[in-house]
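Heads up, there are several structures right after this.
Common to both upcoming complexes is subunit A, partnered first by subunit B, then by subunit C.
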Partner chain A sequence: MESSPEPLLSLRNINMTFGGVKALKNVSFDVLPGEVHCLAGENGSGKSTLIKIITGVYRPQPGAVIEYDGQAYSHMSPVTAQSSGIQVIWQDLALFPEMTVAENIAFQTVLGRWPRLVNYNSLRKTAARALARLGVKLDVDLPLKDYPIAQRQIVAIARALVGEAKLVFMDEPTASLTQSETDHLLEIVRTLSTSGVAVVFVSHRLAEVLEISTRLTVLRDGALVGVYPTSGMTQSRITELMTGKTFDQTIRARDVSGNPVVLEVEGLSRPGQFEDISFTVRRGETLGITGLLGAGRTELALSLFGMLKPRSGAIRLEGKPMHFSSNRDAVAAGVAYLSEDRLSLGLIQPQSIADNLVIASLDRIISRGLLSDSRKRDLVAQWIADLGVKIGKQDDAISTLSGGNQQRVAIAKWLATDPRLLILDAPTVGVDVGARAGIFDIVAKLADSGLAIILISDEVPEVYFHADRVLHMAKGRIANWFTPRDCQLQDIEAAVYA
Partner chain B sequence: MTAIVNRTRALLGPEMAGPGFALLAVLIFFGLGSPQFLSRATFGSVAFQLPELGLLTLAMLLPVLTGGLNLAITFTANIAGLTLAWVLQQNGGVDAGPVAFLLGSLLAIGAGALSGVVMGLVIAYTRAHPILVSLSMMIFLRGLGEFLTRGGDVSGFPSFLQPLGHGSILGFPVPLIVFIGCVAIWHLLLTRMKLGFNTYMIGSNIEAVRYSGINTRKVLVLVYTLSGAMCAVAGIVMLARFNSVRVGHGESYLLITVLACFLGGVNPFGGFGRVIPVFVALVVLQLLASGLNLMGANQHLATAVWGILLIAVMILRFAAGRIKFLKRKKG
Partner chain C sequence: MRKVVQSHATEFALLAVIAIISLFLSIITDRFFSLGNAFDLLNTSSVNIIFAVGLLVVLIAGGIDISFAVAASVVQYVTAILLGWMGGGSWLSGLLIAGGLGILLGAVNAFLIHKFRIISIVATIATFNIYFGLLMFFTRGVSIYNLPDWLTSRVILFEHEMADGSWIEITLPVLVMMICVVATWAFITRTTTGRQLYAFGDNPEGARRFGINIGAMQFIAFGWLGLMAGIGGLIQAHYAQEVVPNALYGRELDVLAAVVLGGARLGGGKGSVLGCVLGVLLISITQNGLNLAGVSPYAFKMIVGAIILVAITLSNTRIERLLPFMRQDGGRT
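And now, the complex of A and B:
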């Protein structure tokens, strides 16, 4: 082994228990100065706990050794962590939307000083300097809420720099960014890294992990799986490390061109969002639609679901032309749409599992003109069993379920309406890697039973492995058609990310 | 046996704990404090006073469950009362017949529902906040009512209306029977009908409900329409009880209805709450007022005690939640 530089941060023997559950088991973790390091693991693997120990939010159990910048600590405190240059950019950013960019970036510099007056000139200068270091131009006098999420992220990074950061943690920083915004953010991370700041990147988007980081630490169930160089790593290898399972990624695509057509879309346009879209979906077929964020995929889906009105073109279901004036018409005609935003549009989080499951098919649980509680329970129990959802009680709030189980309930909610066409918009968002396979098993079974399915995803491998045909959308138009049996995954990825 | 227990528990639900506890506390406190408290007279006075506040609370409950509010309830009741009074006067005043009363009541309920339809349409289509919309409606109705009555009383109604305000059937006051009938209808609506189901769902997340293929605008319009119609029922009962209509009558009930909902375990942000606990909460409030009255306390003091009771319930609820949380953490 060649001699590596002294680590900036070195953790040994970290243990942490919450209420009898071991959250971290004898974990060690190193960060080298100026490197981009990725911390990967499924939800609940201990990533956040580890970050909170490093930043002093939690105290590890006795026996832990933390060495940072040449000094040893038994535990950190938030004050020492901050003053010695450890900064975290949480997923929710923790910014003040009503205050100006300058105030957001530099407010820490005026905290606790005497006299307790704020010098706005120096505040502005400090903020401008931090932004210049990132190579970004923003009007520091505008309130933060005037800027979109991507710029707010940059403000959060600039704030970290004002604190003379040596080590910056970023928790899922790209979760709500578009592709070009993500590219810009990755560029900034590289700038930081070359200026000597170490960045630890927590992301479940594996493509970014491979692109940006030089080393990778994988956690699973609170234990360290290993530390790996990212060169030579593949996405599927990382998935295996994170879940401890191997996934046989075989192409599912079949030839269903003999089946009758369920949905026929011809020249569908909604200017500014999508134009001249034509395709068919047959019984038992899974049509994959992929493309970058902003390619018009969701808008197209919402038009098929009657929630947006296309300007021109035709939608035909089993040969009959459809003119939906709302999604109620679409549901009645047998179209179901699983929203990409399960938290705020797909399910009603505070309400019960049972009520979420029956909301779209209340007519099925009516007896003698009134809703029947026993019919509801039977219907729910049947779907819970059919889709293998793990629940406690039917009356528990849906928010108590894991992402994968929530998604199964969301799918059951639509299957209960007895649809002919099921549109799945990003069905694995917020679902652990290990639980995704279960979702796709269900999708495959549904297709085999004759349902026509549109599978929308911005993760190319998902459509490549699970769809019969793949439609690539770019800037609102159909860019390419792929048949997974006749092409390589790389072909589609090259086209999408070109 | 356990089936019965379970059924009762399902009927009452966890929201019952607060008002149930308060009911017990009030009964014990005044039962020990005043020998006349546990008597027919007390329950008689409660039974006659309960319905006005109760009917208005039912009118408030539906919008609150959707995460909204209807601040126009008392003036909607007044306008409905005026509508009935107008029909009676057009048909001979003191000599008006039952047909005129029936027609007037229908028109009154129509007027109440109309105020609800307008609010519901504005709220559903402009997405303006229900507080602002219903506040505007309240100011409009107050102005309209004061203009029509010149701020005075309207009276002179046929004598057969007396029993509706003061009479009893088999020992049960007629207003109480009307109120309990309305409680039953609301209970059925909220537990067994699609509209009720969707009312709860909208209270938690209206966009997710819309994405589920539900006509959320229709639900909102119906909720405010029913709220307005219930106000009209309250207005008719008030007309019979006071034998007159005056704009501004019952105005002080407005905020009490909101608090009665919360005392009955309704979530102030919508989505959760049941009719029966709200009913019990109303009984508690009336018993408290009557008990204090019996002990010779000033009527205004009773209102003050209501306020203290509600604050105490919030604190107790917090404490109960805290204890549950700590227990779970230990276990």
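And now, the complex of A and C:
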């Protein structure tokens, strides 16, 4: 057996307590030089706490042993972490959109307490060198805001390289990338790794975890579950390790072709976004729509919800032609749309759970011309119970809830409007693997109660396992129809990622 | 070329609006389109441009300041009194005192904003009232006409009689304005501190994670504006040859409108010195032209307001939409 190399980073006896809650219990963690290591765990499992200890943001409790690059520390400080080559690419990237790509990448060269002249030439050269190491070409003189999120991600990585990184943490780097952008990013991670930089990858997307990493550390409830080689792992095995539960993945698809039609879309077009889209959704049916980001799925959904105007074609709800001039019309007609961006569009984060839940159905809690607090509480209590949302008090801010529970409140908000058609746009983004199953249980229950549902997702397994029929959109058109009862998951994946 | 136009869309839009207005004004009045008038404009706009480049730095750093114009009045008054005690002084001592007092008053704003986490608009509305209240209380609204000779005598750096008998002049305020403009430009685009200010205004959390000293950023931004306010105040006293306590009251909104017109963003991270100068010039050209055209001064505010709206709309609309031939196919959004 080959002897394993000395670890670049080695943590032992890491304990961390926040206000009486143990966030990390006796965790150990090793990273080998140049490896791609995946750190997996649900939200609240202690991943970010661990990263913050390694980067010096938090100090672990006494007894901890941190060895990095041959040196022992009892704790890190942000300054030592950075100067010794530990870099973090935060999920929100911490970039400066108005400044140029060059300045963003080489920003640390303009740091320092005392003013100096900026040497834009060397700034550009530093930036270009970092990009060249990643094999990427960008115009370094353009402002960063001219580039989409995928390129900004690359800029953030290039910035870490300028800091002479030996160990790079990437926190959910692919959360907002399309499949081809993700592939490109993974390619870059491989480039980094072959050039000797160790990468610790934190991702909810298990397929990527399996594709990119050689080893996997799983945390659950602040404790180490284990360290595993990635070869031989399966997605369902990782899910089991992360949640401690087993999930049976069976397809739900049923034949509902006998039910009455709720939504009929005929020849709907909005040039440049989608063309000639026709389909029906029946009572109790879940129609899955998948396709790459930018295939026109969200634009189609927004048109059905009255927020974009289709150029041509017809929308009929229970046989009646609809011409929405705004989403208020759509809500009144019984259409509900759960936005893909829950954090900024779907929920009003600082407001209370109760206020968020009733915001779309205020007319139902009016009594004698004024909003009735008691009616609000009754309505909220009913939905919280129905959807099994775990909350403290109704008046707590929505931001105190986990991703999965927030999503349940967002769904409840729309159910309270008593819709006939519910459109769910990427309902599991930012939701833990364990909590996803709960969301789909709710979706199934709603469909059984007769609601027509459109489920939009770029994760093919979600629509394969949870929808009755699957519509594949590509470049704004209907590319394929699939019936999960009659096809394999791989068939759809092959078509989508072709 | 396309790249230059795209990255300076605001400046080009402003230039276009200025060109259109100038054309219009030179048709309806015979005096507008003359070198003499152009230099007049420069002389009268100097103080506002000095204020504007100072305010620009605060806007870039993500703040806003309502108090700088009355702070400049306080500086004028205190400087005049101090110079009286000193028995006269000179341009050098005058500028040092005015600049120093300005920085001090700016630092008060920065202190309130940084130490007590008061948002800048609230903090500076408060200091606006405090500064102005103190000034009116202690002066009882009395103006100072008895200023040192060096301060009230016009300094003409260059003059030339044109063939048509009109004079072109460059006066001291223009020189000071140009120094302030170039210094601000160099500071915010060519020094590391300037770039840190942009970064701080663009993404404060990102800047914090880089270890940028947030408190220092506030003091530098408000200190720079204070310095400009102090210098601008002294130059205004020189230009008006008197110190009237409420002379600059209300100037803050005119300057703020001009700076935002020039492309600076309320919220930080964006803005250029050129845009800011063009913004001030657009407003003064309009006022000057209306004056020459004999329009009632009561109509000025209304017309200036309308021009601000038109110019802001033009510069917010993407240039490709206005000029279809500039559009490029596909690619970036």
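One rule holds in what follows: the second predicted complex is superposed on the first by the 484 of 498 C-alpha atoms of A that agree within 3 Å, B and C clash if a C-alpha of one lies under 4 Å from a C-alpha of the other, contacts with A are read in each partner's own complex, and residues count from 1 in each chain.
Here is the rule we use: a contact is a pair of C-beta atoms (placed from the backbone, for glycine too) under 8 Å apart; a residue touches a chain by one contact, two chains touch by 3 or more.
What you are looking at is a predicted structure, and each value in this text was computed from that prediction instead of being measured.
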item	value
First, second, both or neither for A:S326, with subunit B first and subunit C second	first
A:Q351 touches, of subunit B and subunit C: first, second, both or neither?	first
Subunit B versus subunit C as contact partner of A:L371, first or second or both or neither	first
Contacts of A:P97 with subunit B and subunit C, given as first, second, both or neither	second
First (subunit B), second (subunit C), both or neither touched by A:K137	neither
Subunit B versus subunit C as contact partner of A:L117, first or second or both or neither	second
Partner chain(s) touched by A:K393 [first = subunit B, second = subunit C, both, neither]	neither
Intersection of subunit A interface sets (partners subunit B, subunit C)	none
Complex interface listing, subunit A residues touching subunit B	19, 307, 326-328, 330-331, 337, 339, 344-351, 355, 359-360, 362, 366, 370-371, 413, 417
Contact footprint of subunit A on subunit B as seen in their complex	188, 191-194, 197-198, 200-201, 204-205, 207-215, 271-272, 329
In the complex with subunit A, residue positions of subunit C that touch it	3, 7, 189-196, 198-199, 202-203, 205-207, 209-213, 216, 269-270, 332-333
Subunit C-touching residues of subunit A, taken from the complex the two chains share	78-79, 90, 92-99, 103, 107-108, 110-113, 115-118, 141-143, 146-148
